[in-house]
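What follows are several structures.
Across the two complexes that follow, chain A remains constant while its partner is chain B and subsequently chain C.
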Partner chain A sequence: MRRRDLISPGFLYYALMAAFLYLPIALLIVFSFNDGRTLTFPLKGFTTRWYEQMLGTRELIDALWNSIALGIVSSIVATALGTLAGIGVSRFDFPGKRAFLALASMPLVIPYVVIGVALLLLFKTINPDLQLSLWTVGVGHVVINIPYCMLIVASRLAGFDAHLEEAAMDLGATYWGTLARVTLPIAAPAIVSAFLSSFTTSFDEFAVSFFLIGTESTLPIYLYSQLRFPSRLPLIVALAAVIIVASIILVIFSEALRRVGRPASRTAEA
Partner chain B sequence: MEYAVELRDVTKIFSDRSAGRDVRAIQHIHLAIRPGEFFTLLGPSGCGKTTTLRIIAGFETPTHGEVLIQGKSMASAPPNVRPVNTVFQSYALFPHLSVRDNVAFGLAVKRVPRDERLRRAEDALALVRLPGQGRRKPTHLSGGQQQRVALARALVNRPAVLLLDEPLGALDQKLRKEMQLELKELQIQLGITFIYVTHDQEEALTMSDRIAVMDRGFVLQVGDPVTIYERPQTRFVADFIGESNFLSAKVDSAEPGRVGVSIGGRRFFAQIDGAPVSPEQNVTVTVRPERLTLHRANGTGEAGLVGAIHEIVYIGTDTRYVVKLTTGERVVARIQNVAGRGLGEYRVNDAVSITWSDRDARVLTG
Partner chain C sequence: MIHERRRVAALMLPPALWLVLLFLAPMVIMAAYSFRAGTFEPERSIFTIEQYQKFLAHTAYHRLLLQSILVAFVVSMLCIVLAYPIAYFLAFRAGSLQYTLLTILIVPAWISYLLRILAWKVILGSSGLLNSFLISAGLIREGSPILLYSRDAVIVALVYVWIPFAALPIYSALQRIDRRLLEAAADLGCAPWEAFFRVTLPLSVPGLVAGFFFVFIPTVGEWVTPTLVGGVSGTMYGNIIQDLFVRANDWPLGAVMSLVMLALVLVQIAVFVRLSPRGLSDLAGA
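Showing the complex of A and B:
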């Protein structure tokens, strides 16, 4: 049985997809430990010096902290707004709800470059003297992350009986009491998941940041700026390897959270 | 007398935005439910019974009319301040809370001290025969157990009125029957007014003190189970509750409480409750299948209506004979399978005549 599974067409399709997706990443990780300045085979031997050098580079560490702070702050705002919108679309009926959903999901399909330019234009229109900074990048990241947060929370709530909130009110809870005691707790795993996926997006994001950044750097911006120096290439590879591994861990964690205690996982007893 | 719940001329109109029209869910509902009563709203899906219940609970606002609970108008009272609790069809147990915390939810909201809360939750669980199950998560319970938790969660608040929306709908037949008896016992024991929504006529007859039969947003008849079954006022009620035969008839004479009618050229007497009738009026006469008596017809001077056996169905306790009358109408007779009666008594195409007692026939005008 097992052997048949291995040669089944399904497995071949999967293997092809996985190779296409992960071969470059695997290569990246392999070369980050390669003791040589050029990214060519044959490999020259194992080293961790690129990682050591990375930790010793002041601007890189600054950019890393910037990215982390930016990710945390912008994700908190995006998650808060997205959660409210998600509760709104899944628990209430209001005039123009479909139009609202379409509008709120729009940033999902607008290219990030366009969002970056549009926001730059907006900032400069509001205040021509505005200094671009991490804050302006943060606003951009909130914009691109709200729709994801909204959809993650809304899809979680859609899996739960809308009578739950009625039951809470029937038992004496006010609207706010119901929100605090029922709606938010059942949405909680989705809220955490929304935060993590926002953070991942923000951490990796280049296009919007590139338009809205001031004098500081985020990690992706720093990476890009270092590409001009061939001697820095192995260092960038090591950094990219770190980012990809951290991102994968976060995404896996956030996906696992979305599945916590969903009604779909209930055994068929009823 | 102060009623537990009173609905005065309540109408609910939903505006269906996508269809661009209004839906009249319930229309001009008048109900007066007495304290301690087991009152059932019975009707097919879409008849407005659940809407009526949701208006009493406060989840819907009436478009017109007034709801009073214990004599007080509920016009501006949201669900959380009404002295009622609801058992939902889907149970709506909080999946993130343990069984005990589910049951204690209402008490926690009212800031009842923790010790009392736990004690009362455990008492309520014992009441619904789930003692010591408090630590489990509701998703790990069977459907029947979840149903009991939902019941305990409502009862622990000692509501004046308990609203139950098809609470047994998701259970299998056997469990349903058990729970019907248990619910009824519980209601008598606690003395709480129950307002019970169901589409199951047998359930309604078994449990209720009084039944309101609903159809298309209207209450057609309110009465105790015996009255509803024995003296239906409209064809819908006679048809929906139990099984009925309907015969076209013409009024011969109208006396107080008794009407002479001719059916298929023969004269009968029937009872009447509804609107008065006058001679020559075309009416419908209804008789229950189990009140009919079959006789072997020998072709001369039969009493009753004459016809032939068309179909025979064995249903365990009874045999169901479908008789095709000489008038072309079909009549169903149920004969109990006892001591040589019922099954095997007649064969298909046997000529039979059908009779009944005057008091078992009713004239319907609605």
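Showing the complex of A and C:
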């Protein structure tokens, strides 16, 4: 892009839309430092007291740890299952492959409210007295995340020639040895990226969690429950600012990882 | 051959089992629930089509379903129309910067959806940022806030959330266009705008269709956004499902309504697969 193009209508439109996308987020961050009980213009002065209050709120810290634990555990399961599926669909042809792909694409396109209530019905049918908990939420998060993990791993493997694995086996490695020493290392950046993207999704997820959560809270559930109290809004905004900054860092990290060590032609195309 | 089958089984069985038992089975159980008379004992075991009759008799539910379809349609159209120039600029004009500029666009899409809706609640609220700003600028009078707790607020917030997702498939469709076609059009005397309408736009239709469905499918089932910024006029079909399960405890009727939503989405996907040359893989963004 030449300097002349920076004032082209196309770029101006892009800049305008980017501003539209970032402005609401930026406003939340700015107002998290605002020394006022209501979120209105004009700004009142700089304070960090909402952050201090946040750290002193017990339920919030509990919800944060719940979200982190839930995110880690559900993402490990989703990444493991998604990686197996990703390797399977990109390296083998087998009967039922089309049916599996259709099934695995479904969670991507079915409204979360339907996934949430259907799982609730499953749990209540298995055992009407079942206590809903973070575990039941985790099951839902794994279902949502398997398709993404599979796609991320499969698209990484599609960029590498399957002959690499065949060569390893010709040289005497067993299939599982090849998987461990050739396929998985090739897929490693995608696996990490799949884990991070699952974690981000799980950490943010609300629509499914809402139906499957018991007495504990995740951060989004806590946040939602506090929205009823206007006096809690500045606190919530400070919390939002922290989550926003943390997720931006996580996303940039995960995007960078997906680019690591790709074959040259692919990098150029991306 | 035996070896290969065992390998495939070892790789595919765990994810397939998880999806069948914890995704497909719940849908089947939901279908079974829709024929029950009530949520709790002893009505559980009765087989009846009463819930379907209830649904058919409730015109308010049909209105909400239509309203949800309408909102999702408007949001999806706005998203692809607003996203098209961005995608076009990135694919044809941004040169070596396009990957960076695309990433800048995508990052907000990864921030918690609940928080981005919260941002709009803060902006649009009665003593919210937009209205307090407009009042202090003297543009509107106190007590007549605009865009507050309405269907329009839902539309604005949803368009905001989904624009980056609409831009992606359009961008990748534009990128796939062979640039030599445009050179050929120019050599044959086609004016740039004519080349756009006769070459670029038709070739980007798959991306537009994918972008539309990418937004439409999740939007039509929305219930969180209407709860936060919708007020009474912004209520959507998903809100009723949520209410039937959480407050009203009428699970069989909720199951019927979820199945209607599911059927609606499946029909759309069938249409999409018909319209799109690469089928579901377009929708999955792969």
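To be clear about the criterion, the second predicted complex is superposed on the first by the 260 of 270 C-alpha atoms of A that agree within 3 Å, B and C clash if a C-alpha of one lies under 4 Å from a C-alpha of the other, contacts with A are read in each partner's own complex, and residues count from 1 in each chain.
The criterion applied here is as follows: a contact is a pair of C-beta atoms (placed from the backbone, for glycine too) under 8 Å apart; a residue touches a chain by one contact, two chains touch by 3 or more.
Since the model is a prediction, treat every value here as computed from it, not as a measurement.
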Mind checking chain B and chain C on superposed chain A, clash or fit?
-> fit
First, second, both or neither for A:20, with chain B first and chain C second = second
When both partners are placed on the shared chain, which of chain B and chain C touches more of chain A | C
Between the C-alpha centres of chain B and chain C, what angle is subtended at chain A's, in steps of 10°?
-> 90
Can A:252 be said to touch chain B (first), chain C (second), both, or neither?
-> second
Between chain B and chain C, report the minimum C-alpha distance in the superposition, expressed in whole angstrom.
-> 8
Both chain B and chain C touch chain A; at which residues?
-> 270
Chain A-facing residues of chain B, complex | 17, 57, 59, 78-81, 84-86, 88, 90, 92-96, 105-106, 108-110, 139, 141-143, 146, 153-154, 157, 170
What does chain C use to touch chain A in their complex?
-> 3-5, 7-8, 10-12, 14-16, 18-20, 22-27, 29-30, 33, 82, 85-86, 88-90, 93-97, 99, 101, 103-105, 107-108, 110-116, 118-123, 125, 127-129, 132-133, 136, 160, 163-164, 217-218, 220-224, 228, 238, 241-242, 245-246, 251, 254-255, 258, 261-262, 265, 269, 280, 283-286
Counting only contacts in the complex, chain A reaches chain B at residues 95, 160-161, 163-164, 166-174, 177, 181-182, 185-186, 188, 261, 263, 266, 269-270
Chain A residues touching chain C - in the complex, by the definition given at the top = 1-2, 5, 8, 10-11, 13-14, 17-18, 20-22, 24-25, 27-28, 31, 38-42, 80-82, 84-85, 87-88, 92, 94, 100-115, 117-122, 125, 139, 142-143, 146-147, 150-151, 154-155, 175, 200, 203-204, 206-207, 210-211, 220, 223-224, 227, 233, 236-237, 240, 243-244, 247-248, 251-252, 255, 270
